[in-house]
Structure formats: structure tokens, C-alpha cells
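These are the structures in question, set out in turn.
What follows is a pair of complexes built around chain A, which joins chain B in one and chain C in the other.
So, the complex of A and B:
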């Protein structure tokens, strides 16, 4: 009994560690100055998501979570970087400073506010329906979701915006593995496929935008003025 | 089995139209036949649903009730008229010596139609999310089809903003799933959700609803996240615009209003108030932005935002009458707006200009296009005796009988402003003095056929709705209430 208890404690601590690093990578997405650094942060984030899924899966003896961890590694750690490097190698390798609407310091401060906001939403949800495993994953996943959305809105370059979209899904699933562990597997598979499709289509679109407009600073495209 | 056919037909058509061929009209013909078959199957589903309440193909996975059948019918009808209209559109592409692009256009067109048809047919909410996301991903390259820098910019904004919305909606759906498991619900379908909702912690339901409202609202073009929409509709080929505006926005809205019976009445009507706020904001913003619009395709784009707002307001008003108004408006908007975009597409083909100011005296240049555009403007802005007028009247009347004078008053004001703005711009285009005396290009026959076919319900449904369709509308309305 003692061993099981301590095993669970160790697993929970490891999961908390994964959560902490997950949040750090979400900040890294906002703070990094190079497209390649963004992609690296995303890969590490996906690895941490998979790790958390595997830990929770082992802890709850849930096969479906273990499969989710496997799917995440295959789709987000292997296939997406491969797709990106295939279509956007040039784009990723150019060492160009990628700008934001705000300075990085201000962006990080806003991100902090978003994290606190996410924490409050999570507390309300957990208050309404307590769930042990979700105390770490829910607020951090929600924060990842918000930070991804924030990265999309302030980034001016195409690649970091796409990574922002993928990071949002990572955030949603980081929360999801704790609150909806037995989410239908077919849906998980479909989402993984969907994420691959996003990476592929947005990658091709980035390439075409570059061909036709001569730049990937999508934030500065303003031919279609918003009325 | 019809439901399975409906899903398979567009996929088969996509495969067939991608095949390399010498005959350039071949993918166009395949697509017209495919959409016609889908429309026939959808009509059969719509007829069947009134007697069995739910048509089931695979229990718990693929099924369709009255609200879904209504959407299915609308999507397949607009897809059919749009496929006919596309024939003439792609004819132009061939004239530009890029025949290989025709097959590509039709492959994407069919896949896009497939993704939209999947939304009402799938009953698992998680899969509906994926279908809605697919409607974005599979239409991105249709938006960028003109291959201009403006089109790519529009496609980029469209994809990024709607994917961001989808991320938020995904989180909402995960919370919803959590709520269903907590309350002991077994299936994560629309009907399972309505059953489980009363036992769910209201905080979960409310948060999930907000995330989904904002997330899918981005895709439906609800203010303040509508900013991608006008640019996209101004660049996208007109037949695709008809699909996107007429039914793609409705599929996203469908995913929101399907939650209405589940969230009805929690926290003293909190979700209803949010729907009213978002709906009125969209209607109001669109109505005033309509005044200063410079391009006629943008005019209809803002009108789309207005109509999405009206439907959301109708659901927010709640009550049997308003729910009927919402499903009625879903129908009238889809048929009328697609007609408007066909007329706009024909105008663009004739004049070669997107600007309102450079199109004057259209009725003298081409009586057919001039009359269609004017008819479309009258119908979409809600002039009697067209169908949109009737559906808006139902919504306003039911709001008044509920005693929600403030919301109804605002809605009526905005609708009148929008009416004046649309009629002001379009009447100048149609009846104004001809300034540009250049020769107009001839209109392809398929444009005339597409417009003619789309005009039938636009003119008919204001004065007469066939019995089975009216029945379907009533059944759909009951599904929006508890």
C-alpha cells in the first residue's frame, strides 16, 4: 500500500513537473525571437503533453490515455516538424528577427495576466466539479490555450502564427487529458489528423503567400483594409 | 442509409474530378450530378425525419434529426446551384489557358461540400468539431483560388482566425464532455447532452457554452471576431462565396444553437443574454458598417454578419415562436444570400469591377443581371413579400409577445438601417446613370441557369412554403427548445 501511495506521489510530482515546463514552453513561444526557436519550443511542449498523458494514463491504468500519448508523439513530435521542415525549410532557417506588435517585456507581462485569468477560470470549474488529476492540468492547459491565442494575435510572421494555433490545441489537450480522459479514441485520432492537416495546409499557404507577396510578415498585409 | 450516401457522394465526386482528363467539362458535369444526387438524398432524409424524428445510419455516430435535416437540405441545395454556377466560372479559367486548375477547383469544391454535409450528419459532438474545422481547412485554397496577393491575404486571415476560434471551441467541447461524464451521461451526442444537462454543474455548462460561442462564433462571423469575413468574401470566387456565406457560416452557427436546449435557463438565463448581446452587437455593427461599404461583395458580406446576428438573437429571445423564427431565418438566409452572391458574381463577370461606384445603370447593360441583383437586394434586406421579411417578422412578433421590448426594438432599428443601406447602394448600381459605356462581356448560360434555379425559392417562400418544409421548420424549432 505504501509503495502504491508513494508511486502515486512520485507520478503526481512528475506530472506537476511536466506541467511547469509546459507553461514555460508556452512563454518561450512568446519570448523567442526566431521561427526555429518557436518550432523547438513547440516540439518540447508536445513532448511534455505526451509525457503528462503517459503519466496520467499509467496512474489511472487508462489505456486510451497511453494511446493519446503515443499519438501525440507520432503526430506532433515527429510528423509536424517533418512537414514543416519539408515545406518551410528556408523560412525556418533564415535567421531573421521576428517582430511582435508589442515589445517582448510587455508581451510577457500580458501573458502573466492571461495565466492568472486562466487560473481563476480553472478554480471556478474545479470548485463546481472537483477532480484530483485536473488541479495541475486544467489551469496550465487553459493558460497554454490563452498564450497560444495571444501569440497568434501579436506575432507578425506566418510561421509563429501557425505554431500558435498548434500550441492552442496542445493547451486544450493538456487540460483535456485530465478532464476528459476517456474522450472517444476515434475523435482523438481525428483531431491528430486534423492537426497534421493544419500544419500541412498552413505550411503550403505560407509558401504561397511568400511567393505572391514576397514576404511572410502576414501581420503587415493590409491590402484588405478592415472596415 | 441515405446519410451514408450523402457523405460518400461528394467524396466520390472529389476523386473523380481529380482524375486527369482531356474533356474540360467533365469535372463540372460530375459535380453537378453529384450535388443533384446529394440534394435528392437530403430531401428524402428531410421527408423521412418528419415521421421518425431521427434518421439513424449508425447509432450514436451518424444520425440526423429535423434541425440537422433542415441544414442538410440547405447545404445540398446551395451546393447544387453553386455547382451549376461554377460551370461558367471555371469556363473563364479554361479561357485563361490553365485547364489543370479546373480539376483542382472541383476537387476542392467537392471536399468542401463534403465537410459541410458532415456537420449535421455526425451526432458525436467531438466529431462535429472536427467537421467544422475541416470546413475551414478544405475551403482555404478555394478562397485563395484567384491566386492574387489579395486572395492569399484573405485566405491567411480566414485560416488563422477561424483556427484560433476552433481552438477555443475545442476547449469548450472538452469541458462539455467532462460535464457529461460527471453527471453520469453515457453518450456524447447532441441528444445525450440535452439529457445530461440538468444534472451537470451549471458552472461547467456555462463556461463550455461561452468558449463554444466565441470559438464557433468566430467562424460564423459574429462580431467582434468577424474581421476576416468581408475581405474573404470580396476575394473568393462567387460560387464559393455563395456556399460560404449561405451555408458554411450556418454550419458553425448550428453548432452553437444546438447547445441552446442544453443551456436553457441556467443561471437565470445567462446564456440567452450572451446570445442576445453577441447577436445584437453583430446586427448593429453590420448595419452601420453597411452604410460606408465600397464593394458590392463586401455589402453582402456584412449582410451575412447581420443575418447570423439575427438568428442568434432569435435563439436568445427563446420561446416557441422565436425558435421557429430562428429555423425559418436559417432557411431564408441560406437561399437568399446564395442567390445574392450569384447575382454579384454575374455583375462582376459583366463589369469586371468590384467597386460599387464603378457599376452604374446595370439594368440597361444587362436587364437580366440588373433585375437579379435588385431582386436579391430587396429579398436579403427584408422587403415584403420576400421570405426574409416573413422570417424577421416572426422573430420580432414573438419577441414582442414575450415582452422583450428592448431587444426587439434594437433589432428592428438595426434591420431598418441595414435595409436602407443595402437598398441605397444597390439601387444606385442598378438604376444609376450609365457612366461607363464600354461593351459588357457575355454572360455564360450556366450563370443564368444557376441564378434562375436559385431564384425559385427566393420568390416562392415568401408567399408559399410547401407543407413538408413547413413541418420540418416546426420540428426543427422544437429541437431548439427544451
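So, the complex of A and C:
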């Protein structure tokens, strides 16, 4: 009994560590200046999500969570970066700075407010169903969701916006695995497949935008122009 | 009683004796990574020795501040040494005098007087470097405060000896998100405070680009030696706080005898060499930031430290 107790303590500690780094990568998505750095932060974030899923799966003896961890590694750490590097290699490798609405310092401060907001929401939510793992995963996952949404709002380029959407999805998953460990597997498979499709379609769309207008700075395409 | 005073003296002597060595190893390793030979690791000792034997020239237009500053810069790290765990895991004779915040303020006093002394002589580069350092300083200050608030909030105390025990009892405390985030932001703070590469390039010889170095250009002879020695002791003390209080509270002497404390000396040196290796990797893999990008770097440190507070605050 003592060994199982200490094992659970170690697992919880490792999960908390993954959560802390998850939050850091979410900040890195906001703070990075180049598309490739965004993609790298996203890959690390997905890896941490997979780690948390595997740890929680082992702890709750839940096979579906272990499978979620595996799917995350395959789809988000391997396939999505591969797809992006295939279709958008030129866009990702340009050393251009991403233009955005606010400066990075202001963005960081706003994202800090968003994280505090996420924690306030999580506290009320946790009041409904107090669960050990959820105290770490739920607020950090919500924060990841908000920071992804924020990245979509302020970035004026297509590629970081797509990565923002995927990061939102990461955050939702990070919160989800803690409150619903026995989520039906079919739904998770569908989501994993969805994400792949989203990445593919958005990649092709961005490529088309680039072919058509010569740039992917979508922030400047808000006004219709007559030919 | 005599034993305790001896331990205190040993602690101060360790910092005084090995601080230039750390600087020397850092410089040597940086050159090695650039596949150059680099100066000997004992070069800082030779520099200090040489400077002590040279004549000192003081501008007749400078005031007493310029003359007093080297002594303040030299003495403040020694004061802080008596407050923090360098060799022993139990508080020493004078450790009751101040907590970590007090130590931080004593270190800041040295920086304050360096800035004043740089403005005091009307050397054109001194005031520029001083105002830049103040810019980095006032951006680093909130991070510094929040890091210490987090640490004292998590550990329930501002005394470094209690804090270092907290992280390892039980071991799970070591891995909590708040601790990891605090470690990262303190590391960024150390980089900013010691003038390492993303913030400042210490080996640059171009006065217009200097942040930290240009303040001591006017010193010569004994004053320059004391400034050099004092600043290397300051970084040694910061490394000690980072390692012994936050990162690795192991390997400190718990026994009361002198031999126990002597045994802890190689261990702390080993830990510092590990940190120096990490710093060398950071310094060689990053480019120096432009001056107006420094707020971003310290903003990231600030966000990290506040995130540490939040993760702890909202833990139910």
C-alpha cells in the first residue's frame, strides 16, 4: 500500500511538472517572433500533453487515456509538423518577424491576465467536482485555450494563427483528460483525425493565399479590393 | 562560540577565494566553445594582483562617492555571504540579521553606488552605462520581488535556510510547477544581473554597446581591483543563492565541525561548475539582444514568476 501511495505521489508530481512546462510553452507561443519558433513551441506543448495523458492514464488505469497519449504523439508531434513543413516550408523557414497588433511585452502582460482569469474560472468549476488531477490540469488547460485564442487574435500572419488554433485544441485536451478520463475512444479518435484534417486544409489554404497574393500577412487583407 | 566565528570566517573566505576562479572558468569555457584557447582560468587572480600593485589615478573633479564606491562594492557581497547558506545547512552566527529580501537590498546597494560613481566622473561613457544598467535594474526589480514573494509564499518563510529545507521535504515539493517556474525566472534574473549574453556582452570592448562594463572604465589601480573582485563575488553569491536555496539544496554541511564545512567546499564548487556550464551553453547559443528588446526578456521573466504565484495561489 505504501509503495502504491508513493507511486501516485511521484506520478502527481510529474504531472504537475508537465503542467508547469505546458503553461510555459503557451507563453512561448505568444512571445516567439518567428513562425518556426511557434511551431517548435507547439511540438513541445503537444509532447507535454501526451506525457500528462500517459501519466494520468497509468494512474487511473485507463486504457483510453494511454491511447490518447499515443495518438497525440503520432498526430501532433510527428504528422502535423511534417504536413506543415511539407506544404508551408517556405513560410516557416523565412526569418521574417511576425507582425502583430501589440508589442510582445504588452502581449505577455495581457496573457498573464488571461491566465489569472483561467484560474478564477477553474476554481469555481472545481468546486463542482473536486478531483486531485483536475486541480492542475483544468486551470492550465483553460489557460492554454485562452492563450491560443489570444494568439489567433493578435497575430497578423496565417501560419501562427493556424498554430494558435491547434494550441487551443491542445489546451482543451489538457483540461479534458483530467475531468473525463473515460471519454469514449471513438470521440477521441475522431478529434485526432479532425485535427489532422484541419492542419492539412489550413496548410493548403495558406499556400493558396500565398500563391494568390504573394504574402500570408492576412491581417492586411481585411479590405476588399476591386480589380 | 569560537567555532561559530571560525565557520563564518571560513564561509566568507570561500567566497573571497573562489569567486575569481568562477569568472576565470566561465571565460575560458566560452573561448573553448569558440575553439580558441582562451586565457588561463587563473587569469582573474593575476589581473587583481597586478591592479593592486599599480598606482591609482582619481579625477580631481570627482567627489567622495567615487572614492568610496569600490569599498562598498567589495563589502556588500561579503555581508550577504553571512546571511545565506554557502557551506552549511544551518544558520550561522550572523544569519539572523536579515532575510532574503534584506540580502537582495544589500546587493542592490552596491549596484546603486556603482551607478552613482559612474555619473560622478564626467566620463561620457559612464553615465550612459549607468542609465542602461538602471533600465535593466528597474525592469528586473519587480521580477526579483515576485520571485521572493513566491518563494516565501510557497515555503512559508523568507529565511533561506527554511526555504531550502522546504523543497525537499517531501520530495514532491521539488517538482511542483511553482518551484520550476521560480527557478526559471530566477535564472533569467541572474543572467540580467550578472550581465551575461542575452542582456549584455561582458567581453565586448566597444564602449557604445556596453551596459555593465562602461561604469568601471574610470577606475584604476586598487579601485579597479576591488571593483573586479567585488563584482565576481556578487555573481558568486547570486549563484550560491540560486543553487543552495532553489535548485539543489543537497551537499551542504549539517555537522557543526570545521571539517564538515571544509568538506562542503568542493561540493559547492562542483555545483557552481555545473551552473557555469549551463550559462556557457546559454551564452554561446544566443545572440545579444538589442537594448530595446531587453524589456521583452525581463517581461518574460516577470510573466514566468507571476505564473508561479498563480499556480500556487489557486492550488486548492
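By definition in this document, the second predicted complex is superposed on the first by the 223 of 227 C-alpha atoms of A that agree within 3 Å, B and C clash if a C-alpha of one lies under 4 Å from a C-alpha of the other, contacts with A are read in each partner's own complex, and residues count from 1 in each chain.
Rule of thumb we're sticking to: contacts are C-beta pairs under 8 Å (C-beta built on N, C-alpha and C of every residue); 3 or more make two chains touch, one makes a residue touch a chain.
Computed from a predicted structure; not experimentally measured.
Chemist: Check chain A with both chain B and chain C modelled on it and let me know: fit or clash.
Modeler: After superposition on chain A, which the two structures share, chain B sits beside chain C with no clash.
Chemist: Could you say whether A:31 touches chain B, chain C, both of them, or neither, answering first, second, both or neither?
Modeler: Once the two structures are laid over each other on A, A:31 reaches chain C alone.
Chemist: Using the touch criterion from the header, give the chain among chain B and chain C with more contacted residues in chain A.
Modeler: B
Chemist: Mind working out whether A:69 is in touch with chain B, chain C, both or neither, as first, second, both or neither?
Modeler: It touches nothing on chain B or chain C.
Chemist: Who does A:152 touch here: chain B (first), chain C (second), both, or neither?
Modeler: first
Chemist: Taking CA centres, what is the chain B/chain A/chain C angle in steps of 10 degrees?
Modeler: 150
Chemist: I'd like to know which partner A:57 touches here: chain B for first, chain C for second, both or neither.
Modeler: neither
Chemist: In the superposed arrangement, does A:160 touch chain B (first), chain C (second), both or neither?
Modeler: Neither partner.
Chemist: Mind working out whether A:219 is in touch with chain B, chain C, both or neither, as first, second, both or neither?
Modeler: neither
Chemist: With the two complexes superposed on chain A, say which partner A:12 touches: chain B (first), chain C (second), both, or neither.
Modeler: In the superposition, A:12 contacts chain C only.
Chemist: Across all Cα pairs of chain B and chain C, what is the smallest distance in the superposition, given in whole Å?
Modeler: 17
Chemist: Identify the residues of chain A that lie in both the chain B contact region and the chain C contact region.
Modeler: In chain A, nothing is touched by chain B and also by chain C.
Chemist: Would you mind writing out the residues of chain B in touch with chain A in their complex?
Modeler: Within the complex, chain B contacts chain A at residues 124, 126-127, 130, 133-134, 137, 140-141, 144, 147-150, 152-157, 159-160, 163-164, 167-168, 170-171, 174-175, 177-179, 181-182, 188, 201-204, 207, 227, 230-231, 234-235, 289, 292-294, 298.
Chemist: Can you list the chain A residues touching chain C in their complex?
Modeler: 9-10, 12-14, 16-17, 19-21, 23-24, 27, 31, 104-105, 108-109, 111-112, 115-116, 119-120, 122-123, 126, 130, 135-136, 139-140
Chemist: Under the stated contact criterion, what part of chain A meets chain B in this complex?
Modeler: 121, 124-125, 127-129, 131, 141-142, 145, 148-149, 152, 158, 161-162, 164-165, 168-169, 171-173, 175-176, 179-180, 182-184, 186-187, 190-191, 194, 197-198, 201-202, 205, 208-209, 212-213, 218, 221, 223-224, 226-227
Chemist: Touching chain A in the complex: which residues of chain C?
Modeler: Answer in residue numbers: 170-172, 174-178, 180-181, 184, 295-296, 299-300, 302-304, 306-307, 310-311, 313-316.
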